[in-house]
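Below are structures written as structure tokens.
What follows is a pair of complexes built around chain A, which joins chain B in one and chain C in the other.
And now, the complex of A and B:
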């Protein structure tokens, strides 16, 4: 038998292992470069000066374990190294892109739960009828659609045809809150997949809960349908679904990268894509650590919350 | 088309209709495309080009005909590859009685599960600039942890049945137990999971191509078309809208189709939390 405390301990341990794995994985990237890393990274401009500069910036003349130790201890102090392309510290790239990305993430999370739960409850309330079939089919269809295809179609309709919203966030800088119109489409696209997944889970949970004996008993007591639905069935419907919220974290992180590229929002995703295109490895590594650790922490948090809400649901650890 | 028991005809038909257009274009398009004509000015409409021209002046309709194959083939290859690794991993760890072996096989995958899939792909792309083969390998790797967990969970249930104990006592070979009994009894679950996974893989392959991973900058690929022709959206929207609609139809249709086709006949309405990436 495994007690709750040891479960939490095991889950925390897994989180630590995942953190270490992310750091190692990201670091091993430079080791995986074929041949001389500095020459490989110089790419199109293989002049000796640039190769020497790369070797200097990445300390490639020192053994791998020393560099790993240095890099990892630097991470703890917020020192992510310096960019190969510009020579600026990677942390300044992260500081620049942080605001827009967090704004997008927070807005999406704030809207995700009411929208997803609302749609799910609506569908469950009309089980088997037109509203339910409509919501189920649309959510099932939309949740597999890549954000970029969906987003580009929304731009065509709302920016090009109707002219209601700006097509991209170009020209607004990082101060997006002052231009809420530029945020509508990105947040809508970012919401599309997680909302569908959440709505489907809530619908399934609600239908199961409404068919359960305790709801039948509550009905016999003459408790109002409203109270049964929202005070009794809904909490039980949500608890097992919360387990799947961790999956949503993965989608949101992927989605942020795509949405920022699509709407030209100067956030962390754009910085990452630009660094990948320029093969600016230190910047890619720094951002990968930020994204990877965010995912690890959010997964851990989601699992712990689920464990608290629904101890019966077995969460992998 | 075989009609399985318990299929909701509505959703199955809708899925089939939605996916028919992009799938036909993807499979037969390259045969119909013909020779590329001379390049015209970029982002123009008319002039003998049914859907206008793209960012380097190629005929958009011809690019549409050519551009579906890579998405579909890479996705199919990646899904197959992921199962080629995940299936033995899951079966071995489900059937073994040695805890250390199971831990050794499954723990590293648990650790990998936390890394966002697109991030892993971008990380590798920063260093290697993979081609189509590299992209399918990458997408396969990203899908292995989850697929292996799924196989193991399904196989562990089948492996704990008395029938397997009986086979073991009769001294049947591991192969016969794992493939002949356990493999066969989880086939339906596997098929359902493969359908969901293929949809997720389609998503990932298209998104990676949109971000420029695994494709040439001027490749004939629907996702690349959306990306590259975006600059001319206001002049020549067809070069973006048509490939975007095809990708939407492909992913949406495959999800609707698999959901309807693989629905368990005895499943109660609204039961079960679906999975997917």
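And now, the complex of A and C:
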């Protein structure tokens, strides 16, 4: 018999193992990339002497296992190493990019949950009727539009044509909260697809739950429709959404590159893009570890939440 | 005459100063038609009498958007690598010389330079200039800066350019005079003083990101790598205080974001726009489009030391395969000019008298037949490392097919492209930013050149270069350069089909942006002569 305690312990252990695997994978994958940082940095001046000097300055002449050992032991102490390109600590890159990314993620989630759940419940409540069909078709339509296209459309209409909102957050740096208007469009773009998928999931879950035997039984007991809908059906309908929400948060926290590039938001996605372009391997590795860790933690969290909301999922697993 | 002592001579060598004022007037009041005309003709033809706001005005903050390098950005001018780095370095620091619109060296911190008879010792006099902390710019600062650049432990970009200088033997003669001892005669030594990244910093300065001190037109205010850099007017600037109160560089890596920020009024200057954006807004009146001509050479390199290109008839046949107009229209959306297989169209010493080469498939076929290279198959290396590369490769493949030459395109890695094509392969896409023709030759076309992608190694050609470098008289030197270019035009390894425009966008309030300034020249991204109307 496995108690809930040991289930949590096993789940946590699995998380640790996943993290270690992430670290190893990140290092070996970056090593396996063709070309090397020195060549990329020399660019259109591939003077062999210059390349050799860059390579030496970056310690690329040391064997890979030595660099892995140094790096992994540093990670244990929270030391992500230093950037090849600037000599600044990688942790400062991550810290700088984290603020804007977290801000966007939090704003998006705060709006996403009520909007998605609300739309889903609304549609389920009018199943088969006009409201349901309207919500269903609009969410399907918006879901089909990729972020970059939606983003460009919003900029063109609301920033350039109507002039209501600033087209980008250029020059605002990390103090985005001082410029709330610049956040409206990026948050809208980030919301667009998750809201649709969440609404559709909730709608399906609600319809299922409302058609289930326990709801029928509850109705026979004479429990009010409101209570049935929100206290009994909804938690069951939301349970499957927890994983979906975790994936959305993960997607948001890893820096949505398209949105950051289009609106010039200096978040983690931008840090990643720049580091990749510059072959700044320590920064890429540090970010990959952070992203890997985020995914592990969020999935862990989602599993625990599902476990709480609908214990049968844990039993099934 | 290499002596360019005082300001008046300096100004007369800057015809741009007058044109700048004129263009601003045309852009200011004449409206869109005249503006478009000025944009197309480069120098403009329609005079506009409404010069009311043509007079420079003081004040205001200009925000300029560039593609940047993210959180790794630095204000160390010797580490400058990107256009954004160069633009920021130019605002804070000065070089001894810089390049004019024809890429000839113009004096900056140096007020005069005088070689000895052998052209291997140069006496450089500094003008009276001060760093932002009030200390004068001295010969010691110059020597410190150059020695820092050539430090073998560092990989500063300008190191290769300063190679001709023997810095151990060079010395300060007095506070404002330096004697540079060179390893060999170098008539074009002023070009070295204007090299990309060869900025003068105060002796001992190492921390550039917290408090960079230069002698440039703007003083440091704040810097957030990858986001913004704010500078303010240096009232004591030796070349006249800038008109702007403040200058802010902001980073937006996506071209669409730069364009949107400009259209939405978040910035007044957007660097590096696409031809498509330029076309979309050129006549709409929302923003001004500035095309900087002759900014980037576009072409292919043929390895002249291996088959099939070790036969000069094959090289000539390839010159004749190219339909340059089609390449320009297809690969660069027409934003540029066609080339004549010579570097540096419009630059000092350019052999403009040579006839423009046109596509001639019959003659190409004949040459290939003579060379025994009918049904030739060649692999063309390319990579999406620069705009238009892969497009140009595909267009050239189709053009060559018309003469029976089969070109197979091989697309290589972006990261290692420049190194890969240096020594391997036979035919490859190539581009180059603006630099003096002499620098192009010394870096790419001599036996000992470090980036000789055409493997052009000829003792007699090297000798001509040395001869030019030992020739004091400029006219005589020009004749030698012409001979060298004649040979390159006839049988060189560079198939140069075009020169791309560099496209900027500015708000209508921005005046004084120089239009005759190839990217990397003095007046490109220069903000001390710009004002807001």
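Everything that follows uses one rule, which is that the second predicted complex is superposed on the first by the 250 of 317 C-alpha atoms of A that agree within 3 Å, B and C clash if a C-alpha of one lies under 4 Å from a C-alpha of the other, contacts with A are read in each partner's own complex, and residues count from 1 in each chain.
FYI, a residue touches a chain if its C-beta (ideal position, glycine included) is under 8 Å from a C-beta of that chain, and two chains touch if they have at least 3 such contacts.
Every value quoted in this text rests on a predicted model; they were computed, and no experiment measured them.
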{"item": "First (chain B), second (chain C), both or neither touched by A:50", "value": "second"}
{"item": "Chain B versus chain C as contact partner of A:275, first or second or both or neither", "value": "both"}
{"item": "Which superposed partner A:208 touches (first chain B, second chain C, both, neither)", "value": "first"}
{"item": "Which of chain B and chain C A:284 touches, first, second, both or neither", "value": "first"}
{"item": "Chain B versus chain C as contact partner of A:86, first or second or both or neither", "value": "second"}
{"item": "Partner chain(s) touched by A:199 [first = chain B, second = chain C, both, neither]", "value": "neither"}
{"item": "Touching partner for A:234 - first (chain B), second (chain C), both, neither", "value": "neither"}
{"item": "Touched partner set for A:167, first chain B, second chain C, both or neither", "value": "both"}
{"item": "Partner chain(s) touched by A:127 [first = chain B, second = chain C, both, neither]", "value": "first"}
{"item": "In the superposition, chain B vs chain C on chain A residues touched", "value": "B"}
{"item": "Doubly contacted residues of chain A, that is, touched by chain B and again by chain C", "value": "40, 152, 155, 160, 167, 261, 273, 275, 277, 279"}
{"item": "Chain A contact footprint on chain C (complex, rising order)", "value": "63, 65, 69-74, 81, 152-155, 157, 159-160, 224-228, 248, 250-254, 256-258, 260-261, 263-264, 266-267, 413, 415-416, 418-419, 422, 431-432, 450-451"}
{"item": "Sites on chain A touched by chain C in the complex", "value": "34-36, 39-51, 53-54, 57, 83, 85-86, 88, 92-93, 96-97, 152, 155, 159-160, 163, 166-168, 170-171, 173-174, 261-264, 266, 270-271, 273-275, 277-280, 283"}
{"item": "Interfacial residue positions of chain A with respect to chain B in the complex", "value": "14, 17-18, 21-22, 25-26, 29-30, 32-33, 40, 124, 127-128, 133, 137, 140-150, 152-153, 155-156, 160, 167, 197, 200-201, 203-208, 240-241, 243-244, 247, 249-251, 253-254, 257-258, 261, 272-273, 275-277, 279, 281, 284, 288, 291-292, 295-296, 299, 316"}
{"item": "Contacting residues of chain B [partner chain A, same complex]", "value": "10-11, 14, 18, 110-112, 114-120, 122-128, 149, 199-200, 202-203, 206-207, 210-212, 223, 226-227, 230, 233-234, 237, 240-241, 244-245, 247-248, 251-252, 254-256, 259, 269-277"}
